[in-house]
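Common to both upcoming complexes is chain A, partnered first by chain B, then by chain C.
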Partner chain A sequence: MSVSLETTPGEIGEAAPGRHRALVHLALVTLGPILAALVLSGLVLLALGVDPLAYYGYVAQRGLFSWLGLQQTLTRMAPLLCLAAALIVAFRAGIWNLGIDGQFLLGAMTSAALAPFLITVLPAGATLLVAAAGAALVGAVWSLLPALLRAYQQVNEIITTLMMTFLGVSFANLLVKLVFLDPGTTVPQTRTLPVADRLPTLFGTTISGGLVLGLVAVVVVHLVMTRTAFGLKLRTVGENPQAAHHAGLDVPLLTVAVFAISAALAGLAGGIEILGVHGNLRADWNPAYGLAVIPLVFLARFNGFAAIVFVFFYSALMIGGESAARRIGVPHYFTLVLVANLLILLALAEYLDHRRRQRAG
Partner chain B sequence: MEALLTAAFLTALLAGAVAAGVPLLLAGLGEQMSEKAGVLNIGIEGMMLMGAYLGFLVAFESGNVALGFVAGMAGGMAVALFMAILCVGLGLNQIVIGIGLTLGVEGLTALLHHFQFSTTYPRLAAAWRLPVPGLVELPVIGPALFDRHPLVYLAFLLVPLLAWLYRRTALGLTLRAAGEKPAALDVAGIDVQTVRFLAVLFTGAMAGLGGAFMANVAAGIFIPFMTGGAGFIGIVLAMLARGRPAWVLIGAVIFGGALSLTTALQVAGLNVPTDLIQMLPFAAVMAVLVLYGRKARLPAALGLPYVRGAR
Partner chain C sequence: MPVRSAPATAPVVELLGVTKRFPGVLAVDRVDLALLPGEVHALLGENGAGKSTLVAMLSGLVEPDAGTVRVEGRERRIGSPRAALQQGISTVFQHVMLVPTLTVLENLVLGMSWWRRPDRAELERRLAAIRSEFGITLDLDQPTGELSLGEQQQIEIVRALLRQSRVLILDEATSMLTPSGADELGALMRRLVKSGLAVVFITHKLDEACRFGDRITVLRLGRKVGELAPEGLAAMDQAAAVDEVVGLMFGDRSIAEARPTRLRKAEGAPILTVRGLTVTGATRLARVDDVSFDLRPGEILGIAGIDGNGQKQLAEALAGQRTVATGSITLDGRDITRDSVAERRRLGLRYLTDDRIGEGAVGGFPVATNTVLKEIGAPPFWSGGIERPGRIASHARELIDRYDVRTPDETTPIGRLSGGNIQKVLLARELSGEARVVVFNKPTYGLDVQNIMASRNRIAAIADASLAVLLISTDLEELLDVADRIAVMAAGRLTGIVANDEGARARIGALMIGRAA
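Our next item is the complex of A and B:
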């Protein structure tokens, strides 16, 4: 079962004679579902007695059009971009890594455990580097079992990665509460990395430097997957494992490599969130960014540059939504409804478009 | 160690295993039907949660728990209807839609719960119990197995019933064909889409019922996200059972036991971190997959939409 809706990623951005028309068409199958999802979710708000226009207006104002909100939006993009990169690698290689939330949280836990300790013995730069590398490594290790099961036993990775996420979330909590607990606070959390030693902010703003890391991750992943021989190998494995095997590729090894790269990026996302924003990890903190990034990556048709745009708007939606939860009293669960609508309507739009093209010949 | 072997501990463990296991059993049996017919129903988590929410809401508002179960089934089926239309009818990607539906139900039920109950968190009265005369007197297993809500007995009865259905009836054969070789079924003059459609709806009903049991009998309260992966465990149970309902039952009791170990250990006076206990069922799933993963046979056409005439 390959990971794609209807369009294969290669179809996008092809320089055909009708390039202009293709762009218009792409806009339709992208903007169509977005608008429809906003309307449908708006109806849910209406049913709950909330004015959808006022809600969306407030969210946009807060997440996009205020300087404070925009800085928060750009900071939030950092982990989401890393997660998007993680998913692009996996999905393009035909692997359903649905365990990125667990990998993210264990990465966060690793950074939060390492950084406050390392800073006492190492300079700040080295501390950040080691803590981020540790996060990536632990994320990758957490995906090893699903990777080996998929590569050598053909066990469906959807189930195993989901199981590992549930395990990982509890495991991270356990470690925070029992092993890395800061004895100096009453809330169960790790020790805190001082603000001055966290990832540097950009140009005198409050935007975390993690944004740069996230952008680099997505762009590099996109280029590796589309422009290099290694990327081509991974895509071949994803689209037709048998053909890949006959072409002499070591399919199990490449499968494990995909899991490791994808999970390392997810772990890194957790590390960036801790090293750039929070400085520590609280017990029972689980933002579950991962499942929300999945629709964005599909919406972007696994294209890294498009993913950046969608992640930007989604970040704004999250920041605005979190603020609206306090001001308008609509809990941020609403973003889940919106994301679900988006995912389903996107699949539907792809289907309708496919049918239309079939009929056109 | 002695504390672990007292009757109180064993009763608590077994009773908890049944309370936590029945939703898993229902979900697993439901998922098994879908998988037999060739649909990997990832949306089952959402169906359970919708069943839990609607089941609780109706039971709470009407004061009638039985009516709550009907509503829970209807809720699960409503979500399943979306799944059936989009994945069976239109042939959309079963995984994308399954995740979408689960996310949507999580968000929607949490929102609705927030607007209705977030300030009060109301509880239902303790569930009705129907002691089985005679058997209830048995030590340990009497109170744990034979002094339960009638739905518990029905869920257990469903196991031989489904086994008989799959093995001895034409309907069972039809279901298997839809999952193994849909084209053959089509040639035999039976509409593949209809068979799959109905199988998915059955899954929804079972998952919804399981969710409603979770909220109305096991917990007595609805909490957002309360299914917490039970639907996914149901998928694993169905995968490992290799099409046999009896194995779903065995798996459900084992995982139910793992889920209820916290309470049982507290009864025994041991304090183990909840996070550690919460890892148990999922660790058990992984262990089983490592040991028997290769044997988790799934129908040949699982996950693939059926398009007539396509090869």
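Our next item is the complex of A and C:
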């Protein structure tokens, strides 16, 4: 399922040519689909009467090569990285938590409900801490039902987590409209955390401090999964639950733990987005970041460092795409078309590679 | 015994030296099989003998890795179930493959030309012919799900006849029938072969093979260990035939001859004491019922029996993987009945599973990780929960060296190794540290002859090193080869424990056959 990218010391010197070939091969099956997806999406643009080169150039300019755009890109990375961390934990443990969008939005709702209230009684630091922790906790709680069903009744979590997302998104909206509504505005939204009290920005830029949290989350998750006993236990459960049981691991308990960690990170992503960027939650706001992050995590083959790179480029694409939507008239969800193409071509590359290897071996 | 004609015709289908490997298991090893028209060919063997794999090859579900398939003398590929049907090979699987909500008629025409309306009159005409020749009557308009299993089986047989098959494979066809139903099926098979069909009758029941088969092929551990031709069978009475087949099924003297006798015998007080152990199971056979025994250091206690009589459940209960209903397990004076898997392992109780790939190892993990899979988090391989890859690698290299594991290196995913080498890694894992009692479940299942020998030698050596060994095996020869005492297990109970001395084979064999037939 996953292709490991880790190097172990001592291996590098001895098998340099083999490793070199492996890296070239990996670049080919990763970069190949990316380039092909750009070309294919370019054809779609052509069909719409848009010059693909102009579009891509504009997107790159606005998302990467302008200082303002780059700051926005790096800020957007924060929730995406947290979601990537959530998915890496789950996928490496063999659990398909596809409910991160619901967990994300409920986390966002929790922070948006807590922070504007807490700031009136607590100092800013404590407010942010409690609001973020609350977001993580609510995210985790929202995964409890699928977790228990999977752990003790072997109910397929793909279905239950997806269903919980529908419920979670609607529930968050309901709470915003009925319970946490800001009476001071006409648009249905929660009360707003003042800009000064939000997550601090980095070194005088506009980049949200959430970026640091996101990077830490991904790196810690990567290291825990690859270098610790706990991570190996989770991976064992993921690769072969029967072997895990045979080896004396408490499979149901570990399953619930995976859900809790994964969903808490997804909830935290929502909290970071509110506490760092928006300050409040508008009703019917649902960015559905999870849809885009899932293919990215697959593209990264569940490797945290690779995920950071892909999330960076995807953020640039999103920010650039949003500008391009206003300027060139290509809808902003065209980036999802690009990601969809990428996913299909990635699967195709994996399939062809698998076939080739089978024939060779 | 049925009257047997001696068909001198050429085989319809012939397998020549077919071999099939699955990860870690040599399922079928250079088997020749000739299916002749007008003959019921009984394929007899225990679970895991390779019967199902042979059926899968003939019905197009798997293709052999080596060897050739000939249909009417010409070399053919049977690459899909459709190809098998086109070659005239129909299979009635153990579990009925009909659509329960469709009527009998609809099930019969499934898979025929979809662009044509089924011609009911034509079908009825052909069914009338089948009724007069074979005595099968079907009600075309009844929903299939309302029929008994025997009737459903008849529908499948009729479907094969409508397709004008030349070979009909019946896979464990009597397993869901009553005894009288089985007799009826036997009579039907007789009528079928008289019409020129070649019938393959797969079973693990001795008496049925002898009663219904014109020719009997005995499979054991993926190899064909013998074939009784119609001429030979006709000359014997049923009891003599059963004796002959029992010899083939459970004996393989060629393997055993080389072993030196064991050096040491049981010594001292029992280290493992099991009293009244009961484990509830889903089925009548998959349980453990009031099992008691003692095991001394340096002793090998064998558990014999037909596969699926609670042996795996017993092993798992001992290892702590399965909850014990009543009874007790005592290890060196300490009650471990409720202890966890990890705690029992720490106390020296080790369990080598029969399911090497499915349960024993994580196929995608390196060999090194698999050697410490039962000690995740423990020193010296982890320190404060952080992995120490160097320690794990050197530990693995040492085990690879000591147990002669053939692998490129310790970073190779264990799933790429052969069954014998995976077995060596698992054994190394179970014996590392302070092992005192080792439970083996079918340790040589699916291995080739060399690895079988090596494994048995190692088990004997373990006992010689004063460890206590519980050896569960469906291979009686293996138990007679290395065990000190042998218990027979049937339907979850130990029906007796005998010392492994002169005459043990006869006593145990009789006990086992009594249960098997």
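Definition applied: the second predicted complex is superposed on the first by the 344 of 361 C-alpha atoms of A that agree within 3 Å, B and C clash if a C-alpha of one lies under 4 Å from a C-alpha of the other, contacts with A are read in each partner's own complex, and residues count from 1 in each chain.
Here, a contact is a pair of C-beta atoms (placed from the backbone, for glycine too) under 8 Å apart; a residue touches a chain by one contact, two chains touch by 3 or more.
Here the structure is a predicted model, which is why all the values come from computation and not from measurement.
Asks: Now for A:230: first (chain B), second (chain C), both, or neither, which partner does it touch?
Replies: After superposition on chain A, A:230 lies in contact with chain C alone.
Asks: When both complexes are superposed, which of chain B and chain C contacts more residues belonging to chain A?
Replies: B
Asks: Of the two partner chains, chain B (first) and chain C (second), which one does A:58 touch, if any: first, second, both, or neither?
Replies: Neither chain B nor chain C is touched by A:58.
Asks: Classify the contacts of A:249 with the two partner chains as first (chain B alone), second (chain C alone), both, or neither.
Replies: After superposing on A, A:249 lies in contact with chain C but is clear of chain B.
Asks: Should A:295 be classified as contacting the first partner (chain B), the second (chain C), both, or neither?
Replies: The answer is first: A:295 touches chain B but not chain C.
Asks: So, A:348: does it touch chain B (first), chain C (second), both, or neither?
Replies: first
Asks: Touching A:104 in the superposition: chain B (first), chain C (second), both, neither?
Replies: neither
Asks: Looking at the overlay, does A:178 come into contact with chain B only (first), chain C only (second), both, or neither?
Replies: Touch partner of A:178: chain B, not chain C.
Asks: Tell me which partner A:285 touches in the superposition: chain B (first), chain C (second), both or neither.
Replies: Neither partner.
Asks: Would you sort A:239 into first (chain B), second (chain C), both or neither based on which partner it touches?
Replies: Second partner only.
Asks: Can you pull the chain A residues that chain B and chain C both touch?
Replies: In chain A, positions 1 sit in both the chain B and chain C interfaces.
Asks: Residues of chain A touching chain C in their complex?
Replies: By the definition above, chain A touches chain C via 1, 8-9, 11, 227-230, 232-233, 235-236, 239-240, 242-243, 245-249.
Asks: What part of chain B is in contact with chain A in the complex they form?
Replies: Per the touch definition, chain B meets chain A at residues 42, 82, 86, 90-93, 95-97, 99-108, 110-112, 114-115, 224, 228-229, 232, 235-236, 239, 273, 275-276, 278-279, 282-283, 285-286, 289-290, 293-294, 296, 298, 303-304.
Asks: Where on chain A does chain B make contact in their complex?
Replies: 1, 4-5, 44, 48-49, 96, 98, 145, 149, 153-156, 158-160, 162-164, 166-167, 170-171, 173-174, 177-178, 291-292, 294-295, 298, 330-331, 333-341, 343-344, 347-348, 351
Asks: Could you pull out which chain C residues touch chain A in their complex?
Replies: 319-321, 340-342, 345, 351, 353, 355, 358-365, 369, 373-374, 376-377, 382, 385-387, 389-390, 393, 411
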